[in-house]
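Both complexes shown next keep chain A, but they swap its partner, so chain B is in the first and chain C is in the second.
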Partner chain A sequence: MMGHTGTETMIDDIRTPIRAFIVENFLFGDESQPLPDDMSLIDNDLVDSTGILELVGFIEKEFGLKVEDREIVPANLDSLARIVAYIDGKRAH
Partner chain B sequence: MPEIRPVTAQDLPAIALLFQRLLRSEGVELNALADYMKTLFLEGPNYDPDLPSKVHVRDDGTVSGFFGIFPLVMEYAGKTMRAAVCGTFMVEAREDDPFAGARLLRDVLAGPQDLSFTETSNDLATALWRRVNGHVLPDYSLEWLRILRPASFVADRAAERVPAARLITPLLRPFDALAQRRKSNWMGYVPEASRADAFSDADVSEDEAAELIPTFLRQFALRPQWDAERLRYMLAEARQKALHGERVLRVVRARSNGAPVGLYLYYGDAGRLGRVVQILSLPGREGTVIDRMLNHADSRNMPALRGRTQPALLSAMMGRKIAFVHASSTIVHSRHPELMEAFTSGRAFINGLAGEGWTRLIGDRFA
Partner chain C sequence: MCGVAGFFGNGVAPAEAGGLLNRMATSLSHRGPDDSGVHIDGMAGLAHRRLSLVGLSDGQQPMSDPSANLVISYNGEIFNYVELRNELIAKGRRFRTQSDTEVILHLYDEKGLDCLNKLNGDFAFALWDARQRRMVLARDRMGVRPLFHTRRGETLFFASEIKALLTVPGIEARLDPFALDQIFTLWTPLAPRTAFEGISELPPGHLMIVEDGRFEQRAWWRQTYPDAGDVRPRPDAVEELRALLNDATRIRLRADVPVGSYLSGGLDSSFVSALAARMRPEQLRTFSLGFDSDEHDESRWQSMMASELGVHHTAVRCTAGDIAALFPSVVAHVERPILRTAPAPLAKLSALVHDSGIKAVLTGEGADELFAGYDIFREAKLRRFCGRQPQSKFRTLLFQRLYPYLPGLQRQTPEYLARFFGAGDEQIDDPLYSHRPRFRSTSSAKLFFSPDLKQQLGNYDATAELVSMLPADFYRWHPLHQAQYLETVFLLPGYILSAQGDRVMMANSVEGRFPFLDPRVIDFAASLSPNMKLNGLREKHILKQAAKGLVPDAIVGRPKQPYRAPDSQTFAATQPRYLGGVLSDGAIGKGGLFNAAAVEKLKNKVLKQETASFRDDTAFIGIVSTQLWLDTFSTRAE
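So, the complex of A and B:
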């Protein structure tokens, strides 16, 4: 019988709301569009400076984190996987 | 890692180049522009090391963004408030760092000031401000337009694209005269006997204007705390603009006792659209000042006047055949609810001199 480890559950707790936010705000609710974890939000024209501020506002509110200005970079926020890793890393600290 | 830091003199050539590339359609002399930016952002009354203008710098050290800040001391309920007037905001190369504008705006708004505002935000910048709890102020965000000579106005607008169109302006005078005879038409202007005739207006020196202006601000709950030196500096800057025509600075007085009731500042020449920077008045005299200003522009054969709305003027603008359009937004950001309320209720004085409209960045040639 397969099960989720505690770590996987925590990651899902991050991924699920972030994915829902991206679908609702950047894909305008279109669930049919693929959203692989490593898909670049910038290269696919899904997010710009305006969108990133929406995303940062959501992260700060949803996860109770303070996103520093220097952390608003593609390395942290350009894909679902990077966003999840960034939030997970912030939580760990 | 990209960096945001206070602007230095070494950054100014790159900032001038950005300004030329992103905000100007015609050429500018970059050294002249950089020299002016030095006086504007690093010297004189607009430089405060605690509230500096900022640059966004790439990993390789090159400047990719700029946010021009004018510190402004304001007064609210007897207390001094520190404001950041957010002027030129520009970022390039969004392809390699699409979040630079977002970081720059957040950095500036996180400064030590009590409030921040911008009066000329385009749609893109407005979208950014909204995401960081910036509040768009509709009553401060409209351009008003009063057409005095409709045919000449059309020719002037056409001349913006085809300069030769200005040659036909004299031929259009009969059409303007016809429009002026049709008083029911919302266009056209006919000087008529009115209460404004109990007042006169005359050119005023910058020194005298600097003394008078604070008396017209007392009605506002949140207002700039300008001293005469600061006002003289801004008025002298405003005098030097080359692109918008002659600068007109006049005071309106009661004929009965000579008491000043208002003041206006606009740019314009005969046959050209005039641009109003500021209308100031005692409470209840807004309509009088507007009437004297329209009469003055009409006497100089100007086709129209345009300007930026302020809530204190809106009521007086009703019934004076003034049209309104939204072109850019005035936006405020503050962590103090009482200051936000002063803006949303129209009891704050901003736009024009309390903005960036007086600077040579808007309306000078730098050629």
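So, the complex of A and C:
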């Protein structure tokens, strides 16, 4: 069994709760729905304008970050992979 | 306003006909508490429940002509009956009553089925023509008055509401899964489909003829628009519109009882009330609805208009507790799942009208469809505008201006706004372009459909069925007219005039009258060039011009606020006891339509939030109303 590198573990620390939040909050626990890391949340109708604010609220609370208004853009938040990269980047700063 | 029911065919034993017709009529007594009657002629049976408004003493139904060859059971009003009656008298016809019902009988006798084109009114009727041994069912142009039918063997049964058909032995209530898919996509079943499998609606502007064992259904009227680019100059359009609305309102005040008016605080009902107030010798009575939340309440504007007109105004406040308490009975009246609670407060408003001793009210319905008032028209125009410059942040920020009442949108960046509205990344030649974002976001509620239901539906696509119903000339119309057609032909009768109109008004024996849906106004509005309706992003442009001097500038110029009611927050605030029952694992499992575990999570989410997303609201109200529908109707068939 291969071990995780430090970076992978850190990414998983972000990815796991975000994924769980999306499944619980936007898919209502339905694990049968595919949720690949690069799937667009908007194009697949998982979030609407209120849903984005729910997601931002969760990120701020869970990771102790402040998401600036200008950062609420699809480039940062529209897929699991983008959210993980965004949070990882914020933490690095 | 009344209730109609009946049958045609050999499937009803003579000894049972009277009892059956009485049962059907009794189930419609809310539509007509004043009188009832039946008529049986062998294999034809007609029943009627009456709400007396015109010809109080001599308008009993079913009504026959002197020869008893023609018999009619009719629901509605023919507003130009005075003029039609005078024309018929001039031709030598003699009338026995003062009612509009008798006018239809004479006109049919004179013109046959062409009589329908002469009628300016809202109607649904069954006419038995004993000479030709044929039953005719007909419905008004826009579908103001309802009419449903089903068959048992070769026998046709029909009624104003489906609950009357469910009193016929052998007719059972089963939810049509495709209708559910349509509602969870388009907000309405596509007529003739209804929520009930095997029970059909006679579509608006259609008639059905049953004769010699043949069933023929066809359109006698349909909505149309000029080809794009075919625009005639209309220098006098504003004056023309004002004159038309004046006359449309005048003839809708015809009744032997006082007619009141709704005042929502918006332009349309203010305009209609202003016209009516000038015509009534006695003080006009107006009625309005208020909410506790500022987000939904328009009391300030209602009071302004009432005091401007000097009318006798009565307002009622609708609380979350009222909506939650009324919701199950509203589902029973509208007879279909709904995605919003908005019909419930309107049931409270019609109860106020009834308790005030008023039987008929004018409303402003139809103006948003005819004169491009809805946000969706502006949204589609803006999406096209943004699509031409997808990188423009300024353009996408305009979406916030469309929806000042949606706080979630106000916090969004231009990048998200562009994505939410799909600006620039859609097919502009899609016939459903204007409505595609709405259909897509509504469809997300289908996430909760059970695996069994999903399997039953297979690859069914409600939007593809909608496209298949569009007429050939649709593709030649201006994009605004295409969008107006979708609202006017599908959503107006399928939701606005039924779930928010006839059904919640008749629940309290109140008749709605709609000056904007006068056929002359409909034709006039359709013939106008798009920019006379949607001028830039200014909605109802010509109507605002016509309202000047009649409606205060503050109301004419205020941003449009669509009628909405609190949705899932209603249930979060009140937690009504029935919710636990209809959303229990047992009830969800028994219904078989939804995924119980997902519904439980949705319930837990929305019931602890102050505000829910559009997506969660839609799913939650849709699921609660579907479960209430099952509870109300399908258990009855067991």
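We take it that the second predicted complex is superposed on the first by the 92 of 93 C-alpha atoms of A that agree within 3 Å, B and C clash if a C-alpha of one lies under 4 Å from a C-alpha of the other, contacts with A are read in each partner's own complex, and residues count from 1 in each chain.
To be clear about the criterion, a contact is a pair of C-beta atoms (placed from the backbone, for glycine too) under 8 Å apart; a residue touches a chain by one contact, two chains touch by 3 or more.
Every value quoted in this text rests on a predicted model; they were computed, and no experiment measured them.
Q: In the overlay, answer first, second, both or neither for which of chain B and chain C A:11 touches.
A: After superposition on chain A, A:11 lies in contact with neither partner.
Q: Is A:72 contacted by the first partner chain B, the second partner chain C, both or neither?
A: both
Q: Any idea whether chain B or chain C touches more of chain A?
A: C
Q: Once the shared chain is lined up, is A:25 touching chain B (first), chain C (second), both, or neither of them?
A: Once the two structures are laid over each other on A, A:25 reaches chain C alone.
Q: Name the contact category of A:50: first (chain B only), second (chain C only), both, or neither.
A: both
Q: In the overlaid three-chain picture, which partner chain does A:85 touch, first (chain B) or second (chain C), both, or neither?
A: Neither partner.
Q: Can you pull the chain A residues that chain B and chain C both touch?
A: Residues 42, 47-50, 52-54, 69-70, 72-74, which sit in both footprints.
Q: Contact residues on chain C for chain A in the complex?
A: 406, 408-409, 411-413, 415-416, 419-420, 440-441, 443-444, 447-448, 595, 597-599, 601-602, 605, 611-616
Q: State the interface residues of chain B toward chain A in the complex, per the touch definition above.
A: Against chain A, chain B makes touches at 1-2, 4, 91, 94, 97-103, 105-107, 110, 124, 127-128, 131-132.
Q: Residues of chain A touching chain B in their complex?
A: The touching residues are 42, 47-50, 52-54, 56-57, 69-70, 72-74, 77.
Q: In the complex, go through chain A and note every residue touching chain C.
A: 24-25, 27-30, 33, 42, 45-54, 69-70, 72-75, 78
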